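Per-chain numbering from 1; labels A, B, C and D assigned in written order.
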Amino acid sequence: MSIRVTIWNENVHETTQPDIAAIYPEGIHGAIAEGLSGLLGDEVELRTATLAEPEHGLSEEALQNTDVLLWWGHLAHDQVSDAVVERVHQHVLSGMGILVLHSGHFSKIFKKLMGTTCSLAWRNEAERELVWTVAPSHPIAQGIEQPIIVGQQEMYGEFFDIPAPEELVFISSFAGGEVFRSGVTYTRGRGKVFYFSPGDQEYPVYQQEQIRKVLANAVRWAAPSSTERQIPEVSNPGTGWFERR
Amino acid sequence: MSIRVTIWNENVHETTQPDIAAIYPEGIHGAIAEGLSGLLGDEVELRTATLAEPEHGLSEEALQNTDVLLWWGHLAHDQVSDAVVERVHQHVLSGMGILVLHSGHFSKIFKKLMGTTCSLAWRNEAERELVWTVAPSHPIAQGIEQPIIVGQQEMYGEFFDIPAPEELVFISSFAGGEVFRSGVTYTRGRGKVFYFSPGDQEYPVYQQEQIRKVLANAVRWAAPSSTERQIPEVSNPGTGWFERR
Amino acid sequence: MSIRVTIWNENVHETTQPDIAAIYPEGIHGAIAEGLSGLLGDEVELRTATLAEPEHGLSEEALQNTDVLLWWGHLAHDQVSDAVVERVHQHVLSGMGILVLHSGHFSKIFKKLMGTTCSLAWRNEAERELVWTVAPSHPIAQGIEQPIIVGQQEMYGEFFDIPAPEELVFISSFAGGEVFRSGVTYTRGRGKVFYFSPGDQEYPVYQQEQIRKVLANAVRWAAPSSTERQIPEVSNPGTGWFERR
Amino acid sequence: MSIRVTIWNENVHETTQPDIAAIYPEGIHGAIAEGLSGLLGDEVELRTATLAEPEHGLSEEALQNTDVLLWWGHLAHDQVSDAVVERVHQHVLSGMGILVLHSGHFSKIFKKLMGTTCSLAWRNEAERELVWTVAPSHPIAQGIEQPIIVGQQEMYGEFFDIPAPEELVFISSFAGGEVFRSGVTYTRGRGKVFYFSPGDQEYPVYQQEQIRKVLANAVRWAAPSSTERQIPEVSNPGTGWFERR
C-alpha cells in the first residue's frame, strides 16, 4: 500500500513575486512533489494543499487520508487558522508523520509541537551551505553524499531554540562560519517529526537531487506503521485488567 | 545568593475537602515548603502562590523574582488563565526552572512545554509505589534510597504520552504491576524542566523525607546559573560579526 | 532480498541439563529460529551457530554473510574467544545489526559495545514479568500487546549499568516490585544494537508469540540498509576536497 | 571541600620537539593546570601526571585521590599500559569524572568507554575553528562566548564515530567548511565523561581564556557528588528485601 503524502505550502511568494515564481513555476509544493514522485514512484500517493484553499486544503478528511504531511511556510504563518493547526496537531499525536521544512521552523504547528520559541540566527547572502551527516546509519541518511553541497542558501545559525533532538542526523555549516542542526527528529504522541532546514524560496534548493533524496527518505521514515489514527488517551483500568483480556 | 523558589498550588482540594485538609493542613504548598525549608535552609528563599490570588500569585514581578517554580494542580487546570500560562512559559524559556508535580502532568503549562497530550493510565486504590533510580549519578538522585517506598499512592501508568525524556531519572512500579516514568528531565529554551509524579492529595506523600529530598535536589538542579532572564531570540547578524566584537 | 540472520547460542544448558533440554529440545537457538521463521518467512534467511563449532560458528565469512546477529549466552561468556569477539565488534561497527538477549548482558561483546559493567540485580523465583511499551511508535513495538505478560521469568532489576539508551522501548516490572529497562537501542559505528531481556533458559519464554514478535520486529529494525560493510575510518582530506568530487 | 583534579598528559611532543616546547614550556598539562588554577583557585586541588612516571603517575592511590581526571594523549596511545587503562576505566565506572581532550579521542580509555572506533577526519592547516554553543543552559556552557574563536587549529571533522552523545554542548566549524561535534557528554557507570576537541600541540589553544573556562566548567560538572567510589555491582536480593531494610 502506498504512502499517502500531502505537501502543504503557503504558496505566497510564488504567486506574488515573479522572481520566485521563475525559480518555482509550479510552486515549492510542485517542486517537492516532482522530487518525491521521481524518487518514490508508486510508493507514494501525492497531493498538494495551499493556504488559499478552503481550510487551507487540510480538512479533517484530507488529514485522515494523509500518512505524511510536509509543511512549508514563511510569510503567512499568522494566516494559518488556529483550528487547522489544532487539527494537524491532533493528527500528528495520533500517528501522522510530519516533515517541517526551512522557514517552517516558525510555523504555529512546529512551535506547538516543540514547546519552544524555535528562534535562530539568519542571514540571506546566498552563502554556500554544507550539510554533513552525523548519523550515517539513520534511515534518513541512506544514500546521501557527505556533505551535500547547496551552492547558495540563506544562512540559518545557532542558537536554534529547539528541544534537544531525539536524533541529530545532519549538521550544516555556512560559508560565513555559522553552524546549524539542520536535520533533527522527534516523536510526539504516536507521530514522527522531522525538521530539515535546507530550502529557501530564493534558491532552487528543492530541485537538487540530494535534497530530494533526503525528503524521500524522510517520507518513508515518518510514515506510520498503521493507517489507523489513535490519539494517546487517559485510561482508568482496574487492578489486573491485563489478566482478564 | 539563595535560590528564589515559588511553590504554586491550586489549593482547591485543601480548601473544599476536609479529609484532604486533614492530610495537608497547610496545603500541599505548605507541606512542600516545609520540606524544602528543612532540607535547604538558607540556600532557598521560599514563597507560595495559589490559584485564588490575583493573577494566581504569578504576576510578572513574582516570576521575575523566581528562579525555580513548582507546580501542583489537579481539579482546576482550566481555571488557570491563559495569560498567566503564557507568562510562565516565557519565563521558563528565558531561564526559570520549573518542577511539575503529579497531576500537574495535565496542566496547561506542562502540555504547552511538552507539545503532547501528556495522557496516562491511572487508578486510585492506595497502591504501594516503588520509585527506582535508573540514573544514580544524576544530581536529582543524590542521596536517594533505592527504591523509595511510597506506601499508598495513586497509580500512574504507561503509556505516558510525553516526548522521550532528555534524562530518565526515576521509574516507578505499582503493586498492580504497572510502571511509570516518574522522574524525567527536559530543557526548553534556557529553562530546565523536571516532572516528578509521586504526590497525590489523598496521601501524605509530600511529608516523606525521601520525596522531599528529591524535590530539594531538583530545586538545586533546575536553578538557572544566572538571574538574568533572556528569551532565545531571532538575530540577523552580518557576515563575520563575531570577528568584530 | 532477504535479511540474513545468524542466531548464536552458547548451547550449554541445553546439552548438559536435561530439564533445560526438555524446555528447548532444539536449543534456545532452535526456538528462536522457529519463531523468526514463522513470523518472517522468506523475509529472512536463517542460520544458527553455537559455541562448540569451530570459531564458534562465527568465522569471517559467516559474519560477512550476516545482516543481523542474535546473541544468547550465560554460563560460558568466558569461553568465547577474544578474537571472535573482536571480529563481531568490527562487523557491528561496520553495519551488522546485533540483538543481545537476556543473560547476554554479561557477554564480552555487549560489555565491549557499551563500555560499562552491564551489571544488574537478579532473582530466579519464577516471577511474573510484565513488559510495558513506552515508545508505541517505535518499529520494534509494532503490534505488541500492552503489556506482554511473561508468566514466569527470572527477575532482572535496576540499577542496570548501561549507557543511557538512545531509545527506551520497553520497561518491565516483576511481581516482587522491581523494574528493568528491558528493551533498549543503541547505535555503535554503523551498526544497530538492541538489547532485550525477557528470555531465560528455565522458562519457555522464546515460545511466546509476543516475544517472538518483538524479535522479528527487531530483526527488521536492525538490518542494515546495505550489505556492504564499511567501518568508520580516519581520513585526511585536503581543503575543499568535496568540491573536487 | 575542593575538587581533586589530576591532569594527565603523555608529554611526548613537549619533551622531544623544541617547537612544541616553545608553545607549551610547562607542557600541555602545565598550561591546563595554570588555566584551572587561575579560574578555580581553591575550589580545586591540582596535580599532574605523565606517561614517563611509574604507572604513568596513575597508581591506584593516585586515582583514589582524583575526583576528575583530564586526559591528553596523541603520539603514545599504545604506550599506555593496559593495566592502567583498566584501572582508570574502573574508577570512571565507580564515579570519577573524566575529561578527554583533543587527540585523546583515540586513547585506549576513550575507545573503551565509547565502544566505537572514535575515528574522524582531520587536516592540519592552521584553520580557524569556531566553537558554537548549542546547549546554552548546560553547566559547561556557562559564561562562554558565542562562538569561541580559535584562530588556528587542526581541523577535526565528521563523521566522528562516537555513540550519540547524551548531551551535545558544542559544535565546531572550520574554515574549510567541515563541522565537528566538539563538546559532548556521556555517563558511564557512575562517572561523567566530557570530550572536548579544541586543543592541539601546535597551537596555543590551552592558553585561550575561553577554552580554559570550558575546562573549568567541565571540571565542576564532572566532579562526583561523593568521594566514595562504588562500582555498579551484581546483586541477588530476596523478594521484598527493600521492606526489610
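We adopt the following convention: a residue touches a chain if its C-beta (ideal position, glycine included) is under 8 Å from a C-beta of that chain, and two chains touch if they have at least 3 such contacts.
Given the structure is predicted, the values throughout are model-derived calculations rather than measurements.
Separation of subunit B from subunit D in touch steps, taking the shortest path, is 1.
Both subunit C and subunit D derive from one sequence, and where they touch, over half of the residue numbers involved are common to the two copies. Taking the mean of C-alpha positions as each chain's centre, the chain lying farthest from the centre of subunit C is B.
The interface in B-C, A-D or A-C that matches B-D, meaning over half of the contact pairs are the same by residue number, belongs to A-C.
A comparison of the A-B and A-C interfaces places the larger number of contacting C-beta pairs at A-B. Note on chain placement: the centre of subunit B and the centre of subunit C lie 37 Å apart, centres being C-alpha means. Inter-chain spacing, taken between the CA centroids of subunit A and subunit C, is 33 Å. Shared contact sites, meaning residues of subunit B that touch two or more other chains, fall at 130, 135-136, 146-147, 157, 159, 164, 166-167, 177, 187, 232, 242.
If you sketch which chains touch which, every chain touches every other chain without exception. Contact residues of subunit B toward subunit A in the complex are 93, 112-117, 119-123, 125, 127, 157, 159, 161, 163-164, 166, 176-177, 186-189, 231-240, 242.
Touching subunit B in their complex are the following residues of subunit D: 95, 130, 135-137, 139, 142, 145-147, 149, 166-167, 187, 190-192, 224-226, 232, 242-243, 245. For subunit B in complex with subunit C, the touching residues are 128, 130, 132-136, 146-147, 157-160, 164, 167-168, 171-175, 177-179, 181.
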